[in-house]
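Next, two complexes with chain A in common: one pairs it with chain B, the other with chain C.
What follows is the complex of A and B.
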């Protein structure tokens, strides 16, 4: 299945785009998507953290992503 | 109309935020105003840029306000955050908390800004004379 991942902050700089489309197997988890991204873009490894949000909520690594989920890369936040 | 949880690219107005919060039952109103510092580790900062995943940021800000009310027995919580380019000295965030007693208001206000910095998907880029850096991105 195709998963579109939206990026903000430094994640956008690393992708050189505000989104990337990944071809993933069905039943892929958040951890699988993160691993795929790190494999494609090793610069993600240098970040202090890399969380993924699904449908505007933080989810755990074992969350299984569905095709139409809104998946967003959350690099270390720095508001305030 | 009271806008308690708000993200805007317009200049924030701390006085208007304070006036938004007024509860006759509350004897303590504590506010925190986070402004753009002119330096980081001695290097002059020219300006900041904030980027937000707005839909989720608003949700997370609302969660913080709801939690603050439960944890500290405060009556009302306002959190406004700026996005886009922000100049040195301008406000990046305004938090106002109203509680019947001051101690709860102080604690709740600190809880709100500390938690915001940990959970709300907003990112800050600092611009220096010789480049720009996403704050806290690297360990």
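What follows is the complex of A and C.
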């Protein structure tokens, strides 16, 4: 199934885009998405502690994603 | 309670539905602490003072610099080098003499945060670094103060209200529910390193002030439990729902943080671990004065080198791998950048390539300007 990954902040640099489409197996969890991102983009390891949001909600790592879900990557930013 | 001048001054908000005299009186009897008088702090201070918040506290220790003026629109060109805090206090007093101002000319830290924050009803965080953000969050949770959070990076801004008291007496989520673990420092570039769009700081800072005023006047629906994200480059916005995590170390079921901690260390910014590879600006200055000047490698971008430099060889960090042939392993080499972050990466790279006579200039050219040569242009 296809899911969309939406990136903010430094995650945009790592994905080299503000949005990428990932092909995931059915019954994949948020933890699987995190691993897929590390495999595809080794620099994402630096953000591996990031909580991921699916669509409009922050979810736990065992949350199962569905086709066309949007996984949102929001690293902390510190500027003021 | 409100005098005639105040009734006229605040007329446009007093006549608002849900605001009224009552809302104005609540503002007048309330207090806000604003952390930082920078890109976010300035719109906050301006709107909070204009709206008639009774007492405003400001924590700021920095000076106005030329590179602030692109976004910190309250400061004037001829004020470069002056105290930000003093200038901001004067601005507030001129804008609205009804407001009393408490100015804390200090860096907020684990020693003073509880005392400073404890004296205010609400905190607005406009700081510019991750350790301070965790510090302010934890202090607010420990003291039971609502925190209006915002942060900016490049074209993006984040806003939320943390630790807000709900009708049932419970508290809304906080920063640690959103970001439980800080990523490594290189994953959290500051505005100095990553840049920031000027008008964005105005937009996000004004949203923050808007939430603060709503909280104090007790109106509207608060940004509690939600993170607002705005990407001004693509003009997209998003809300994300944040839940309280029962394992949150400061507000969860079994808190392990019951007093403030070392936030520099928590964010991986402790300098101790790399001390052996560091050289201070005083040490470098001494070497040069005694005729033992080392080879200086400047890993900043050429446009930064053009503003000011220490007569080093300029090879930007991104180009170091290609240009490594220009360096000698036999020569004592001091690497520097603006503040010491990029030069640390360069040092780690060169170590892997077999270089051993290399040192990282602690604090970079900023420290050199501050400690050794004030005439150097900084940015």
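The working rule: the second predicted complex is superposed on the first by the 74 of 80 C-alpha atoms of A that agree within 3 Å, B and C clash if a C-alpha of one lies under 4 Å from a C-alpha of the other, contacts with A are read in each partner's own complex, and residues count from 1 in each chain.
Here is the rule we use: contacts are C-beta pairs under 8 Å (C-beta built on N, C-alpha and C of every residue); 3 or more make two chains touch, one makes a residue touch a chain.
None of these values were measured; they are calculated from a predicted model.
Within the superposed three-chain model, A:50 lies in touch with chain C and out of touch with chain B [touch as defined at top].
When both complexes are overlaid on chain A, the residue A:18 reaches chain C alone and has no touch with chain B. Contact with both chain B and chain C is seen for A:77 once the two complexes are overlaid on the shared chain. Common to the chain B and chain C contact sets on chain A are residues 6, 8-10, 46-47, 53, 56-58, 72, 74-80.
By the touch rule above, chain A contacts chain B in their complex via residues 6, 8-10, 13, 46-48, 53, 56-58, 72, 74-80. Residues 34, 50-53, 55-57, 59, 81, 92-93, 113, 116-125, 134-139 of chain B touch chain A in their complex.
Chain A contributes residues 6, 8-10, 18, 46-47, 49-51, 53, 56-58, 72, 74-80 to its touches with chain C in the complex. Residue ranges of chain C in contact with chain A, taken from their complex: 36, 38-41, 125-130, 133, 150-154, 156, 158, 178-184, 186-191, 194, 196, 201, 227, 229, 231, 234, 238-243.
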